[in-house]
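In the two assemblies presented below, chain A is common to both, partnered first by chain B and then by chain C.
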Partner chain A sequence: MSKAPARTAPRKRAAKGAKYELCLYVAGNTTKSSAALANLKRIADEHLAGEYSIKVIDLLKNPALARGDQILAIPTLVRRLPSPIRKIIGDLSDTERVLVGLDVKPHA
Partner chain B sequence: MTAHKKRARAHETPPAGIRKAQSGIAGLDEITGGGLPAGRPTLICGGPGCGKTMLAMEFLVRGATEFGEPGVFMSFEETADDLEQNVASMGFDLKALQRRRKVVVDEVRVARSEIHETGEYDLEGLFIRLGHAIDTIGAKRVVLDTLEALFGGFSNAAVLRAELRRLFDWLKQKKVTAVITGERGDGQLTRQGLEEYVSDCVILLDHRVANQLTIRRLRIVKYRGTVHGTDEYPFLISQKGISVLPITSLTLTHRAPTKIVSSGIPELDTALGGGFYEASTILVSGMAGTGKSTFAGHLAAATCERGEKALYVGLEQSPDEFLRNMQGIGLPLRRYVSEGLLQFHALRPSAHGLELHLTTIHQFVEEFKPRLVVIDAITSFFGMGLNAEITSMLVRLIDFLKTKRITLYMTSLSDEVRAAERAGANISSIVDTWLLLSNEVANGARVRAVSVVKSRGMAHSSAMHRFAITRKGVTVQSVQPLQRIS
Partner chain C sequence: MSAPKPRAKTRRSTAAADAPQVWPSDAEQTLAALRAGLIDALVISEGPGNSVYALRTFDELEASNQKLLESQERLLALVNERERLMQDLHDGCIQSIYAVGLTLEDCRRLIREDPQQAARSVADAEASLNLVIQELRSFISGMGPAIGIDLGSELERIGHATGAHVPLFKIEIDRAVAGALAPERAVQLLQIAREGISNIVRHAQARSGRISLRRRAGKVQLEIVDDGVGFDTHAAKGTGLGLHHIAARVQKLAGRLRLTSTPSKGSRILVEIAES
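Right, the complex of A and B next:
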């Protein structure tokens, strides 16, 4: 029932045709969330320059999306594209693991 | 002034302690003294297939439909479709309840393989999700089934434990009555030790096989601030939901009727000092062929003759055999059957578990509303469980019938000479009247004899009375001094 808005919101951004469509779920402006966003931007700029889009979803503002997108942990990074969907949780401080999780780098 | 006010307020609310949220589950509210602790979490644990999800679901659905308390069911294991199908067997329409905004079912998928962990996180998403569901329908009840699945999805146990503790505190702040289910673990109630976080109420379910029969049981491990039953109570899951036995009181507060009813055999009434007290429990023991069922037939006939209903639960003969046999000795029981005063309920001892038998008896009694229940013979139950279990079940049945002011007549078969007294021994202390039937040997012939071993509150005879079974029923002869051969 809440699945529809969850899908459509990020897809609007995806229209730009980025190869990596990334969605970061946060809950308010916490240290972990800010750290995750900063880490994500840094990693993306370094490894996916020009190939990505980032959308930040604040669940405090859109609580229904937590259910539709099966979010439990905060912060959660969802790679919507390329498919299949992948989820990475945590403040993204471990760059290596983020790259493996995004499938940018093969498993070490 | 303030002290006075305080005192006045104290009078208004009795010091009953905690507020309860009625489960609506038959029997559970009785043994918990009114339900689960309102506004607090309760842990329901047990092994796979023990009925945790069903119990949690019935609590939620009854809350939404009977007590005006909408509920959120967060399922960590089963899909919403599976849940809907499973509970449809208990007569619940989850889809309709969701449409009417009485229930929200949120299916949480947890799979570690899909999730990569990179640094610090918390479970705020779960809180937001649950909070949103609660707020959407104004939920008063929450089920988390089973929360421990989270441990399969996240590897950082320290974070999880901290978050679970926070979750339980948060649920209390939200003032929702929560049911958390957990799988039984080795040496502890739940695999992840959830009992550590839930301190108010813990219920343990069990599902075991004894004598090839499956018996489900429920036990309240703890319930802070409440006097509760501590036994293991059998329960079953039927089309009408869960019912926990006993269905009625655990107390001995039932009012004692003073009316005396006839046994249907005038001379026996005399020996009994008038007859039986209404709503009393009568045990008749004796060997095979001593006339136990015949005495039951007389009592049933006398009951129906007064225009009252009698329920005959037969475990040994089919109803038709019994009717024919009674017809043969002049008891026109068929007529009472056609008049709707006498009803038969034939049970095959091995067909069901013990608790199922007793529950069906309960259901029959509730529907038919008899004034007399005959169980012929309780010894048939004794192959079905441990003696202690059977005794405890019979005690509950007796309590139930007494509160309903129904007379209970039980026969008990003893299989060896002189064992008749033993056959009744394990429940004889809880029956009001105990008749012993025997075949005595006197003057080279077998002679039928009945004696009143006990009859509470009645000036009964202590002699052995000779009786005969004739084409006109049982005739008891005058006191017959008999020499027993010991």
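Right, the complex of A and C next:
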């Protein structure tokens, strides 16, 4: 009698219409925070085909929110979905690195 | 039956295939981003338990540092300005008023012995007081001592001041040297001369002296000599404001000060500065 194949935990997917659930932690309008937001919007528009949601959390207004995602530095992009959670720290100026971090195939 | 065709190799170019096996930890990323200048704030936890995450942005720190530096510079400028005013008041107005006092003191004798000379001395004193008033007005308006002085004439005037304790000074002024000095340097030398002569009048009990302004070996030299009681130069250092002010003015002129004296053998002040 053959064993049943081991079952792996199903990969959690985003809700329909938002394949990528992204959360960007910023500190007001500082130089790098502003740059990170601009870069994220550009990358998302170019490579995520509208299948994303972006939430911006300003830790200057509510520093306690950093605890949830254990944020160490600003700016930090957190990919909540698809899992696993992954963080990309910095101003997101390196597009290729951001795409690698998000597990996104770059559009030609 | 033919052998199956080998499958064509295709290049997988998904990002997942190129992704690093292990994504760098937060600490590794933070350190790398900090070194590369890609972050502008660190999250700091304060206290145990329900910690409050406080943020400090590097822009804030830099702005604070910059404000601190600017405050320090303003404070230093204020301190220097106060020092300058103290020096100028002490060496300028106070010395001038003291000289007027000596002149008037001498007038008490002259009124009996030589009324005409007394009248001339009183007129000189009046002129000196007017100059002092002008200087004080300049201070009040923030302009400092009057510039554009005739150094040669001023040195002669203070050297020829009369009074009971005023020694007879020989005046040797090279007018060309005096006229070639920049106004602010001329003022500094005049203040040095005033302080030096005042010290002689007050302390030296000298009968004669010499004030000279000349050029030697490419340098401008101001020399004040007296034949008074002299003093111990080592003991005099750090006492009284006069010598301190002279030294401070010479330093401001980037010059050299030589002060020589021996008890009962008079004293010599030599100031050497570049011509410009």
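Annotations
Assume the second predicted complex is superposed on the first by the 87 of 108 C-alpha atoms of A that agree within 3 Å, B and C clash if a C-alpha of one lies under 4 Å from a C-alpha of the other, contacts with A are read in each partner's own complex, and residues count from 1 in each chain.
Keep in mind that, in the parts below, a residue touches a chain if its C-beta (ideal position, glycine included) is under 8 Å from a C-beta of that chain, and two chains touch if they have at least 3 such contacts.
Quick caveat: nothing in here was measured; it's all calculated off a predicted structure.
After superposition on chain A, the partners chain B and chain C collide with one another. By the touch criterion defined above, A:Leu72 reaches both chain B and chain C. When the shared chain is aligned, chain B and chain C each come close enough to touch A:Arg86. Of the two partner chains placed around the shared chain by superposition, chain B and chain C are both touched by A:Lys32.
By the document's definition of touching, neither partner reaches A:Leu48: not chain B, not chain C. When the shared chain is aligned, chain B comes close enough to touch A:Val98, but chain C does not. In the three-chain model built by superposing on chain A, chain C overlaps with chain B at stretch 147-155, while the rest of 147-155, 219-227 or 291-299 show no clash. Chain A residues 27, 32, 59-60, 63-64, 66-67, 70-75, 86-91, 93, 100-101 lie at the interface with chain B in one structure and with chain C in the other. Within the complex, the chain A residues that touch chain B are 25, 27, 32, 35-36, 39, 59-60, 63-64, 66-67, 70-76, 86-94, 97-98, 100-101. Within the complex formed with chain A, the residues of chain B that make contact are 106, 108-110, 114-126, 128-129, 131-133, 150, 153-154.
Taken in their complex, chain C has these residues touching chain A: 13-16, 18-20, 23, 26-27, 29-30, 32-34, 36, 38-43, 51-55, 57, 59. Those residues of chain A whose C-beta lies close enough to touch chain C in the complex are 27-28, 30-33, 59-60, 63-67, 70-75, 86-91, 93, 99-106.
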